[in-house]
Amino acid sequence: MPLGIIFLGLYLLPTITSLYYSTQRWTLFDTTFVGLDNFIQFLQDPFLLNGVVNTFVYAFLTSGLKVTIGMFLGVLLMSNIKFRGLIRNIIFFPVLVSTIGIGITFQVLMKPDIGVLDGIVRLLGGPDVGILGSPATAIFGVILVDVWKGVGLATVIYLAGLSSIPQEYYEAAKVDGVTGWQNFRHIILPLLQPATNTVIILSLIGGLRSFDLIWAMTGGGPGFASDVLASLIYKQYQSGFFGLSTAGNVAMFVLILLLIVPLNKFLKSREVEV
Amino acid sequence: MRSTKNARWVWGSFALAVSVLVFVVPFAFIALNAAKTREEAQLFSFSWPQHFQAWDNLVAVFEANEFMILRAFTNSIALTVFSVTILVLFAAMASWIIERRGGVAAKLANGLVLIGLMIPPALVPTIFLLQALGIYGTFPSMVLVEIAFNTSFTIMIFRSFISTIPRELDEAAIIDGAGSLQLFFLIVFPLLRPILVTAIILNSVFVFNDFVNPLYFLPGEGTETVQVTLYNFSSQYLTDYNLLFMDILVITIPMVIMFAIFNKRIVAGMTAGAVKG
Amino acid sequence: MKDRRFSKAIALTVAGTLALGVSIAGAPAQAATTITWLTDSGANNLARVNSVVKAFQAKNPTIKVKIVTRPGGSTGDNLVKTKLATGTMSDVFDYNSGALVSALNPAKTIVDVSKESFWQNVYPSYKPAVTVAAKQYGAPFGTAGGGALYYNTKVLAAAGVTSVPKTWNDFIAASQKIKANGVDAICGSFADSWSAQLLVLADYFNVQASVKNFAADYSANKAKFAYVPQALASFSKMEQTFALGLYNKNAATTKYSEIGKLIGAGKCGFYPMGTWFTQDIPAENANEVGLMNLPGTSAKSNGLTVWMPGAMYIAKSSKNLVAAKKLQAFVVTKAGTDAWVKGDVYSGPFMTKDQTAAPAGVPLATKNLASLMKGASSPALEYVSAIKGPHLDSICVQVLTGQVSAKEGAALYDKDVAAQAQQLGIKGW
């Protein structure tokens, strides 16, 4: 398979060599063997813990919200309400726009005082938010935008899943006289499991290693308050700590692996039961 | 039946209003500010431009850096078309084989795909490799890089779809005696249509909106991609928000056109699926 | 060579045979050399670079200079390093001078220009800024500036501050008067974290004024910010200004690009910044915003922390060394600096001896800078030590937003510096 060659050559091979570099002090120009020093130094990073916590919060929250909202919108758009084609297009539109563009725009929209979002909150009688400016809330501001941008994709995946559910199931349910909620809970939800799995795996992995939106909106700030693992690693790379950042990547990979592999098994097992 | 018809309208209108509020308002903000003067755009207010100069801004966006945006469009579109075509074609075949064949090889391939999703690609070793092959910085190598980096994601979405297609369909074809390439293009490919369209749209978005990889793998003059044009108007010290917003709008247009072309097919594909069921 | 191969590839793929035809037609008789120049894509910078290129090409008709742009900020830094490391850099590029140069590993990537004749026209005080291991690697490109305090004269007058504060205590007193008068005392733009470092960076004159060998001891792993009281004071200044609530309320989400209008309109009294900021002050307020030294403990030792101009470098991978050297030598001549001024506004002195242009009608801050330059001064720490911790910006934001104390911030920065020194492989760390 030509694809296999491209993939193995251009992705896997460099990835394996990066394992070697993670044990080197690597300035891109010279390498010096330092054993596990890079890993030790990476684990001693004073902001690592905060970054790990943020990574989990970010990944689980975005993926949870995308599953819930995406499924809701999918079901809604499969029902026979008016304008559903239009609504679907509107929801999907942000997926088409560049992350950098979205980041810049929301940075402006989320400004306190002059920002539109805070204006809406004030209009509803809420306090000044300035969500990106406070160390405690900045990460949640980015999470909101991530969900906003990505929920269209989740919706489309659900729509595809819903459309592949054979009509007989609905018919059978109708004959049995089940109500809407039961219908959803016992028929649609289990049959949607493959779609749910796809959304979970994609958005969870995406969330665990993503940082482009964070980078565009807060740069990990204020200070290091909204840094996630991937942005910390990027900061190392940018500082010229190439070996260190490679070691960080390896550490992140192990972390994701420990999380995703059991989860994948679990999700697959539920699929089979259906 | 009247009441259900009314309900369709009421719920539909309500859902439309909410989605417009949540998803369209930010773009209205972009569009309004894209028509303002530099000074007015700096106020970031949600107001009608006092001095409407959308055309001037559009011209400025196109003229910036000696019409860089035109070169960028050419590069990005060429890159997107080539890499997405190859990627989607091969990924569809690969996922079909992985999903249908089973066994150790498929398990292994599955694991690799998962790894591919998890580890961010290693930039510098990839550059070294391309240099060793003597193709670094060439357009074809950029295509290969985009293909390699998006393989995992594409296979992932194909596989989850293929697993929902009943095996009997293609097994019947094998009994009929169709060869495997023939089988694939005549029988399987049409079945994949809905997910094919999705894969094309998503990969196009990824490749077209990719900022980092072209920056590293496609250096040199005249090779800018559209995302880089955003930096014409935003530097460390100075940001022209009106032009920046205009640029965001302009570089989104190709994706909107692409979406409009394929969108009908998504709907068609889905309805087909529902009816077929 | 790589570039040529690349352009052929793209010509074949995208534009077909047309472009190829042009490249053959362009080859005859007098071989014109084309060199490439990687530079920041910001509009102000491009105007300057274009002006310099135009002047250069007029004098050297056989050389054509192609400008290649890169994003600014951290993305640009990454790109420069990666391009150098992989041998894919353009022929010449302009970049910072000072501590950042040693991270480029110049001995392997940049052409040594120690013996070039253009140095005769360059003030010797510039040399350390581009020196790594006793060799010089770049020619000064741009103007010198300082890290200092901008102030709005009207705001100070309205608050009853009659003279420019000369000590830190006077500065705090003046700030509190301004605050009491209902105006934000200091502008902060912490959304651009780099701009938050200025209170530390610009305070270096005061550090070195009282601790003579700080730079040497710091480079030798003997002096730490957290333990040298005068150095810790730089961090304490951030802590104190935050604790007293002297900043604009939304400093954490305000960007650098918004401050020009704010301080011009008198929305705040002071702004600690580098002198490149002068060009961002609205023209109508140009004579209301002045510049002063960041004050220390004593009025007697009041001086400017000087930023050296960036430099133009030639990549070792360049195949057009002769032409590249011509361009590099040109930017240091009077014609080169004249072209620079023509493409921009005059914002500060050049480091070349034959360029003295200080046109009339410059903004107040530029006039102030000229007189501050004549007084006591010291280069910033990054021009006298090869080690600069990469995360100073984020750490400063932490102190300025009250997430950590001055002492904690200083200790974090010491760790950051140590990590950098270790990565550079400097002995004694």
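Labels A, B and C are assigned to the chains in the order they are written; within every chain, residues are numbered from 1.
Please note the rule applied: contacts are C-beta pairs under 8 Å (C-beta built on N, C-alpha and C of every residue); 3 or more make two chains touch, one makes a residue touch a chain.
This is a predicted model, so every value here is computed, not measured.
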item: Chain-level touch network, classified as line, ring, star, complete or other; value: complete
item: Distance-maximising chain from chain B - centres being C-alpha averages; value: C
item: Centroid spacing, where centroids are CA-atom means, of chain A and chain B in whole angstrom; value: 16
item: Distance between the centres, which are taken as Cα means, of chain C and chain A, whole angstrom; value: 36
item: Shared interface positions of chain C, touching two or more other chains; value: 82, 85-86
item: Contacts with two or more other chains, residues of chain A listed in rising order; value: 28, 111
item: Of all residues in chain B, the ones touching two or more other chains; value: 124, 128
item: Of all residues in chain A, those that touch chain C in their complex; value: 25, 27-30, 32, 41, 46, 107, 110-113, 130, 132-135, 219-225, 235, 237-241, 243-244
item: Partner chain B, residues of chain A touching it in the complex; value: 1-4, 6-7, 9-15, 17-18, 21, 28, 76, 79-87, 89-101, 104-106, 108-109, 111, 114-116, 119, 148, 153, 156-157, 159-161, 163-168, 194-195, 197-198, 201-202, 205, 208-209, 212, 230, 242, 246, 249, 253, 256-257, 260-261, 264
item: Of chain C, residues touching chain B in the complex; value: 2-3, 5-7, 9-10, 13-14, 36, 40-46, 66, 68-69, 71-73, 75, 79, 82-83, 85-88, 192, 194, 255-258, 261, 276, 280
item: In the complex, chain B residues that touch chain C; value: 42, 65, 68, 74-75, 78, 123-124, 127-128, 131, 136-140, 215-216, 219-224, 228, 231-233, 235-240
item: In the complex with chain A, residue positions of chain C that touch it; value: 74, 77-78, 81-82, 84-86, 103, 105, 108-109, 190-191, 193, 249-253, 390-391, 394-395, 397-398, 401, 403-404, 412, 415, 419-420, 422-425
